[in-house]
């Protein structure tokens, strides 16, 4: 479904991604793991059109979408849960969720997508009129997930959904991701928390210094020592 | 592409429709042509020389070096409405003189520089004109500008005729020839006393002098000084001052002042307002459904008074000239009235002659008389003018007394049947004051 | 002061003094009265533009209140003239102090919170103008609304006797302003100010006491503008609120500085020169409105095409310096 | 005798608690590593120590004085220097002017000429001498990172806060950087060192603190910390019932 | 001086109605400033231009004042789009946009004075009595009177501000505008097209100036320097109301004018303008780190 070929992204003169290739099959879940600074977020941003790409290609269902503007992505069935959530903090939960339905393809669709999201996160239902800026980190992450889900994307990209969350909330978040993954949605999960991420992935990629250093099935990677050294820095 | 605006555009259309419904009370626009009709009523007039001592040689094109008169006027900025009026009169006079064959056969030329309503620029503008060797200068409009221009003009030994000079109560010099004279000043801090006395005399002439008065004055040098004199004069005559407030220049909402007035309900409302203040005050009166028993307005914009229509009937206005006999019934005045209405209409200005336009013409008449009698020489012009009387459209002027202010020519006009007419003093009055608060 | 040992800066300052001396000698001797009057206004604008650049240009906090400081100086001078027989030096000091005191009060309050930066700072200084106008026009000691006649109090004095004397005084102030501008070019003071413009948080972390520098420089900038108000009061002869606090003044000052550019200390100077000369030339363009339109349109074009102004468009010897365009307050 | 003592540092942003009751102590002349997974509050802690962010609760003592409410520049004068994770050079300054600004206003403030001289010395030490007169815009990432260090060093601090100064550098650049950090200790400066490369930190640090969820998770020698199962769990994500 | 409660009620009512006019001018400014980051002085000039265009269309072509909107609204929409397009082309910083709009402010004043002369123009005498005769309020307040023009101002302000507030808060496009201001990059990934949206917002804000201008031409005599008299109250109302909150700006304008009027009833009216700014400073001084700051600074924070 999603294919990335030789992606290179630079920040000024510094290379952030040095030729990354990966492939996510339709309906599967893939993890992108690595310590922070490895380039996970950059890759996610590049996929979503939020980051200029120096060279390489991004293909969705075989179609080259490398240069399509970010605003086109939701109509293609892509959605993102960005790093640090990045909610619209001065808007209510419900309004944040509604924005997930902004793109033209979702136009005219009723609010039942929102109800769906509220069903996934019952706590949000009674807080639907609260401003997001006043919520706790865990609640905010749920809104961010919900915002991505209301448009019923075919490909969901998550960037560090466990970031800065209490363990119990992390568990909840991953439960939700698992539910989503089970519903025929293709998921690309960029995550530092490798046990959790690989635990629910068919396939995993380990990113270090802007390159894929290792790939394999989730279980293979979980057992590999090299993952651990990639994380903690190689000597 | 523009998905976003649609609901709002729809809303705008809706709102417009709703407002239309709201005011669906007959024709929105009056078929009001009265102003144009009145312009059309101005009788045709024959070409005469612009000053008494000059022959009009019609058709004799002037030749030779032009006599250049330079001036600085506020053609842009807040003073521009009046500044452009003075510019229009200057152009009119120059054309007029040249149609009459010029001065001693030499054409007259007008050179104006814009001072953007900034006094600092007035000074350098006159320096520049004098540096360019203009033959004469004409003063600017407004008190601050007049004083700012006085320095270089006096130093260079030029005559300094001014149309209106606002409130500079300090001496400019023997070369100063104001057309709007404020005579009878012995104490410079009371320069408006004579004017205030004129108003008092006018009110008393009606037999019903006001027993109470309310003052509302704009924060503006001239209006404040004038107000001070009138308060003293009225108090001296036994009038109770019910209220005396000042307001900021540019105030558009007069409702609290209107309510204060309504509460006091005085015999006389004194509005020391300039420009459009009178319009805005009447709008506030309208809003509360109040009609003042009588009102006197100093320095209103003529267009603002005219715009009040019937409501202005009975309003008293400070003035030095209105288009009525005896002053308005001379050949010169008739010709000026006619040509000015044409020029003003062309320039989108108020098309009738009143204080400002008349003062402007008078200033030119002073200068032209000086040139005709003294020759093209500033020293001679200054000497002649200081020694003689000049016959102008606003009356006979002499240049003596404090600040060369001569006699006091401030008068009281009243709107009667939609027309402004001088009502006091008696020697220039075209009608009797109708005052019965 | 370390700057005193910097030879390049000294040379610049000496050059400025030299130019000023030549101007003071040549203009009154050979120039017409118009040239002197024009020259006076010319140097006054230079003082205003340089002093605006001193604070707003260097720190990026764009002030719309510079006309207020100039006007306060004018009114303070007028008040001293009217209420005392003090010599001109006292008048000058009073003008500078009055403006400086206002800036101190405003500066201490405004810079205390980081949220009053950017356009919010600009608008607070604009609001300051409205408040000051209301106060001056209602307080009889200063004005009270009728305007103040200055000429009668200055006729006998040296300063009031001739425009060329005013020109000398204003030129002196311009030298002072240029001196201060040079003192904030490549100096410790300048480094502090420009580090605030570039990144206030970084400046703090490097030990720059940003609050103190902002307040003091704001005051210095206001004092210079206030000083320029003293000869202006004499020049006008009669001061009234409408003209003295005209909003055109801060606008023109900002226009001049942006046009000249803030990259180098003399940017405001050439900006002021350009605008003043352009304005004078445009007076002959035919229609006065048209000249205003041309001036406004020229500003739009310059802002759009030369974000660093005229001085920024001239390349430096060592390759062009990368300077952020004035953004009104670093965050 | 501890140089820096932070007690009960708590920092809230709106509804989010970024730090809660964090304690940290640094002795003069030691390198203290500060690690923790992404979002654990390392940079926030650094900012509160440097004075860029006010704390919600807690106290910070430096050199025996309470500096909890002191402004950032006072802390700089007292001897605390910091670097920024994403380099923030002063854009309108040259490289040496950037460094000289720190000397001019730092602990031992000097005039401009002396500061420029000192700046050149510092640039020499970090290997940027050749770029002294350049505009900062022309620097590469690693040069910018080193410039951050140089600027901090030029303050002549007794404590220097390094925020991921090696992030994004290639191995040879990173090695240079580690030498540089080690040399700071030799100059008598204490260092709080944040890096995502835990091994790099462990190599240099005398002691390490681990933050997780904005709280102290562990501290001790690098060996102790690296073998602490809680730490590994925090980094890699532990079993589901964590 | 004692004033009856009736007089107070009347002056407060008048102030509130004039506040509506200022509120509808502030509307466009607030939206542009809050949502596009452009403190747009040119908006005041546009309002003036709208007033003059209305005047000309009414006096020269004898159009119904409301009909003029059919011309001015689309024309101003285009102007608003054009100006924003210029900002986009030169990638203008907030301060640059402020300067450019100021320059346009100067240019417009001159253009207006060149075309219509600097002299006073007044539409009022041409209006039918239905516009100018004041109406008594129905029971229970029959002593109070309002002018129909002020009612027009009220209706226009209520409609425009209400619509703008509703649109911003409760419509798809409005939420997109809010989202764009708070985090443009994320908004884009949700399908918000930033450029067309900013152009449209700028155009619509400018279009409101056409409506406000029409009310101005009905309400007060016109001079080219009128915007200078509005700056104070409009800018203060915009800030007090909270940038980007049209309803806040309207309420602030209404309250400010009511305070000014009440003040003028008891105290010297010449101090009334200072009261406005006193309220602003008081508001800024008392307000802890919220409101104004919140919108502009929170997005910069990271945990």
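Labels A, B, C, D and E are assigned to the chains in the order they are written; within every chain, residues are numbered from 1.
One rule holds in what follows: a residue touches a chain if its C-beta (ideal position, glycine included) is under 8 Å from a C-beta of that chain, and two chains touch if they have at least 3 such contacts.
Not measured: the values here are computed from a predicted model.
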Chain A to chain C, fewest steps along touching chains
2
Spell out the chains that contact chain D while also contacting chain E.
A, C
Shared interface partners, meaning chains that touch chain B and chain E:
C
Please name the chain that ends up farthest from chain E once chain centres are defined by their CA atoms averaged.
D
Where's the contact count highest, between which chains?
B-E
Taking each chain's mean CA coordinate, chain B and chain D are separated, in whole Å, by 74
Just the number, please: Cα centre separation of chain C and chain D in whole Å.
42
Note: chain E sits from chain A at a C-alpha centroid distance in Å of 43
Can you list every residue of chain A that touches 2 or more other chains, as numbers and ranges?
84, 89, 104, 133, 137, 164
Contacts with two or more other chains occur in chain E at residues 109-110, 113, 176, 193, 228, 268, 270, 273, 298, 303
Junction residues of chain C, two or more chains touched
134, 137-138, 145, 289, 292
Would you tell me which residues of chain D are touching chain A in their complex?
14-18, 37-41, 140-142, 164, 167-168, 170, 196-200, 203, 213-214, 226, 235-240, 242
Taking the touch rule as given, give the residues of chain B at its contact with chain E in the complex, in rising order.
1-9, 11-12, 14-16, 18-20, 22-23, 25-32, 75-78, 80-81, 83-85, 219, 243, 245-248, 250-253, 255-257, 259-260, 262-263, 275-276, 279-280, 283-284, 286-289, 301, 303-304, 306-309, 347-350
Considering only the defined contacts, which chain A positions touch chain D in the complex?
11-14, 16, 35-37, 84, 89, 133-137, 139-140, 160, 162-167, 170-171, 191-197, 199, 209, 228, 231-235
Considering only the defined contacts, which chain C positions touch chain D in the complex?
1-3, 5-6, 186-188, 191-192, 194-195, 197-199, 201-211, 318-319, 321-324
Under the touch definition given earlier, write down the residues of chain C that touch chain B in their complex.
32-38, 40-41, 134, 137-138, 144-147, 149, 151-152, 163, 232, 235-243, 246, 248, 283, 288-289, 291-292
